[in-house]
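So, here come the structures, one by one.
Here chain A shows up in two complexes: once beside chain B, once beside chain C.
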Partner chain A sequence: MTEFLQTSIFALATAGVIAVSAVGLTLSYGVTRFINFAYGEFLTMGAFFTLILAGAGLPLVPAAIVAVLLVGLAGVLIARIFYDPLMSRGPFPLLITSVGVAFILQNLLRMFYGSDPKRFPVPLMRPWHIGNLFFPKAQVGILLVSLGTMLAVHLLLRRTMVGKMMRAASDNEMLARVSGVDTRRIINITWFISSLIAGLGGVLLAITQVAIQPAMGWSFLLVIFAATLLGGIGRPYGAMLGAIIIGVGMEFGTAYIAANYTYAFAFAILVVVLLFRPQGIMGGIT
Partner chain B sequence: MTVEWIPFLTLLGTLALIYSLLALGLNLHYGYTGLLNFGHVAFFAAGAFASALATLPPPGSAAYQELGARYQIGFGWPLPVGMALAAVAGGALALLIGATSVRLTSHYLAIATFAMAEIFHSFLSNEEWLTQGVYGISVVPQPLKGTVIPVSQYPYFYLLFTAITVFALLFLTQRLTESPFGRVLRGVREDELAARSLGKNTPRVKLQAFTLGGALAGIAGSLWVHFIGAVHVGQFVPLITFQVWLAVLMGGAGNNLGVVFGAFILVAFRESTRFLNNIPLLDRFTAANPTFVPSLRFVIIGLLLVAIIRFFPDGVLPERHRKAIGTRQDRRLS
Partner chain C sequence: MSGKPPVLQVTGLDAGYGDLQVLHDVNLEVYPGERVLIFGPNGAGKSTLMKAVSGLIHPWEGAVTFNGRAITGMPPEKIVSLGMSYVPQLDNVFANLTIAENLEIGGVLDRRRTAQRMQEMFELFPVLGERRKRMAHTLSGGERQMLAMARALMLKPALLLLDEPSAGLAPMLVADTFRRIVAINETGTAILMVEQNAKQALEIAHRGYVFETGRNRFEGTGAEILGNKELGKLYLGEEE
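Presenting the complex of A and B:
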């Protein structure tokens, strides 16, 4: 029982990281309608920018905030350069282009920073103990940040005009445009928010799961895809639900079935979803 | 650094021929049938391991003792058996993956194949009894080397052997794609619904194309593993899949000669980037960071992918226009 509860704590933190990342991906799919294979690199950039700014003397939290905003801007810039000119040509050219962009970003980082794994200068913290369970502070912090992000996305989509326009553009771009929504602006805003959230996901990922290196986001990409598709692509609330299932599946699969196959559990869930319910739980948009 | 041109060109030619075979396989998938396969490297890996394990001397035998290596499976069969098994392994894996996912459309198929290749990779990394995990097997037999063919001449012999194999398979592939079967493949690509309403069993046709392409990639794995003489899972990364994509798109999807040409451009480019170390200004960076040049190579490969899709979506040798199809609308790129 203790082991079960302990695994649950880690599963929730993992789910939090996945949820943040998956919500960002699904938001951009909603408006642009293609699956961005370069999305993982935005996580990587979030972690690297934070590391660089922290190395330049900023404390970790402000460094992360500035880094995440920078990733948002980079996302808009990259979308304008690489994706916008292809928007009218359907999903395939965009798919291949996003793979190309992933190669470019990942290897630019490797060119200048090498492949050696790096870590944030986080001090070693004692976990809190409650009974037989321990709660590492980093995991708890991640859970809180993830919940905060989910709430922020919820409020953005439901309570603000921008969110309303994003939902309108996602449901029916043509109709949104004739109703006076400036869809170009909405697409830019969506890229900004989506990339920003990805950057945040990367910072969280680097705190809990993996060392910081140029391939970290690319290796995590399929886990994000799994959560996104499981929930129903383009559905932010579905992505959150999908993330919980994937996070729990990964941690419990690792704890109880086979320790070396952590990511493979997520991929297996992904494949099962694609085969039996490709539209996902919430019914993805096409 | 002076360049030994003949050995360099021999290496380049052999690698380019092996990539040509990979490209021919992917061309059957994407170029002819329109299937977005993002997991091609898995078939390559399956073939490489199948051929290596088939030809390695059995553990416990005298030859095994002599090699001083450690691995747990080896059958000591001759190379042709290894190659045949590589084709079977690549084809069977493709059949397995295809049977579950080939009915998925466009980007869902891309993600499913990508994910299944990763699962396969995860399997190969973890099942050490089969693959020796991260250590790999470094004593894969190179038939006739040192016995019939002198070691110094072996690269030229192997180039010739690879060339004969690849051109034979190119010929067979071309026969296949120009046959009525090839026409059905193109029909599925252009308009699956139309092909189905003409009575074609399109899921089955797609599966056949997928399996055949996988088998070609499996044979490429066999050629590659005996060329390198070593095999380990770390070699089979998604990067390979997308390099083959670049070769196919650059050469001209739907044109067998085109994709072979594309593979030659790709490999020639990739292998010549090693000379970047000799450029005066760059060497300052490369001295400080050993990953600089290899990374730059893949930045450029990424840029090429982006540029080809944007500016030359039909490649260098575009698919031949076929009058019989009538008003041809290319659904893949429009």
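Presenting the complex of A and C:
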């Protein structure tokens, strides 16, 4: 029982990392209708920028905030240079280009930072104990940041005009335009928010990992896709639910079945669910 | 009409998709306060004309002027800001937004007046007010058409383009829709609408245009069109 509860604590933190990352991806897909394969590198950038800024003397939290904003800007820039010119050419050129962008970014990170793993500057903190259970502060922090992010995305989409315009553009771009929505501006804002959330996902991911490395985001992309597809791509609430299922599945699979195949569990769950519900678990709800 | 300049003037318009030319030298005017009908067989290019006027497709040749200003080739979000709103034939509501959110998007260019306009829309279409928090995809066909119209009216446009507002509606609702269109027009919004229910629509239209294969075929007042034997046989389902 204790082991089960203990695993649950880690599972929820993992689910939080995935949820944050998946929501960012699904937002950009929802508005632009293309799957950005360089998204994983946006996570890596979040982790590396934080590392660089922390190395320059900033405390972890301010370093992470600045890093995440920088990733947001980088995302807008990358989209304008590489993706916008291809938007009218259908999904295939965009997909290939985004894979290319992924490799360029990954290699740039490798060039500037070397390929050997780096430790992420999380200070060692004593976990909280409640009975037999221990709550590592980093894990609790991840969970709180993830919940805060989900709430912020929810409020953005339901309560702000920008969020409503994002949903309108996602729903029916032509109708949004004839209603007076400047969809180009909305796409830029979406890239900013989506990339910023990716950067945050990268920081959270880095906290859970022993070391960070230039390919960390790329490998994690599979897990993000699994949660996103499971939730029905383009559906933020679905992505959150998908993330919980994948995160829990990964942690319990690792704890109870085989420790070396964490990411494979994500994929296995995806395959099983999609066999039964090809539209994802949230099919029909947006 | 009383010498006033037209709100909308289309001259010598050619337009199409890719290599396919749909509109050939189309001419049309709408004067302030008018209700103008466009009809003609399926595929005649009526919807294409609406798209070219509202900015969704780029005309190849010719000119569109709105209140004396050239708007040919302007993007749709700019055209709507000048006072012309458009209700497309298909997919004319945001299915995954609530009724209220659909109207908010309709009013996005004048957000200070959104709350007041929304109230006015709920008075004009009470059923929308009752369902304001519901997603648009839960509405019936008739309610959707109302929402589509209400969304387009949020900015109090000088000209409203309606593409087949009565399509797919039960006969009782068709008459209802036309009554509302007259009511909207009487608040000062000129109407340019495409309709298949031509006979009924002609009863409320001041003037009408008949299109065939992307060309002007005939134009005249409602009475002139209704009295034209040949058109009657072809498009109004009249017997000899």
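Note that in this section the second predicted complex is superposed on the first by the 278 of 286 C-alpha atoms of A that agree within 3 Å, B and C clash if a C-alpha of one lies under 4 Å from a C-alpha of the other, contacts with A are read in each partner's own complex, and residues count from 1 in each chain.
Here, a residue touches a chain if its C-beta (ideal position, glycine included) is under 8 Å from a C-beta of that chain, and two chains touch if they have at least 3 such contacts.
Everything numeric here is computed off the predicted structure, so don't read it as measured data.
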**Prompt:** Does the superposition put A:148 against chain B (first), chain C (second), both, or neither?
**Reply:** neither
**Request:** Check whether A:261 is in contact with chain B, with chain C, with both or with neither, and answer first, second, both or neither.
**Result:** first
**Prompt:** Now for A:59: first (chain B), second (chain C), both, or neither, which partner does it touch?
**Reply:** neither
**Request:** Quick one: classify A:114 as touching chain B (first), chain C (second), both or neither.
**Result:** first
**Message:** Looking only at chain A, is it chain B or chain C that touches more of its residues?
**Reply:** B
**Message:** For A:34 in the superposed arrangement: first (chain B), second (chain C), both or neither?
**Reply:** first
**Message:** Tell me the contact category for A:97 with respect to chain B and chain C: first, second, both or neither.
**Reply:** first
**Message:** So chain A touches chain B in one structure and chain C in the other; where do those two contact lists coincide?
**Reply:** none
**Asked** Which of the residues in chain A end up touching chain C in this complex?
**Response** 161, 164-165, 167-168, 170-172, 174-183, 286
**Item:** Of all residues in chain C, those that touch chain A in their complex
**Value:** 54-56, 75-77, 80-81, 85-86, 88, 91-97, 101, 104-106, 108-109, 111, 151-152, 155
**Request:** Sort out for me which residues of chain B touch chain A in the complex.
**Result:** 36, 100-101, 104, 106-108, 110-112, 114-116, 118-119, 122-123, 125-126, 239, 242, 245, 249, 289-292, 295-299, 301-306, 309-310, 313, 332-334
**Message:** Applying the document's contact rule, which stretches of chain A touch chain B when the two form their complex?
**Reply:** 34-35, 82, 85-86, 89-93, 95-97, 99-104, 106-108, 110-112, 114-115, 222, 225-226, 229, 258, 260-261, 263-264, 267-268, 270-271, 274-275, 278
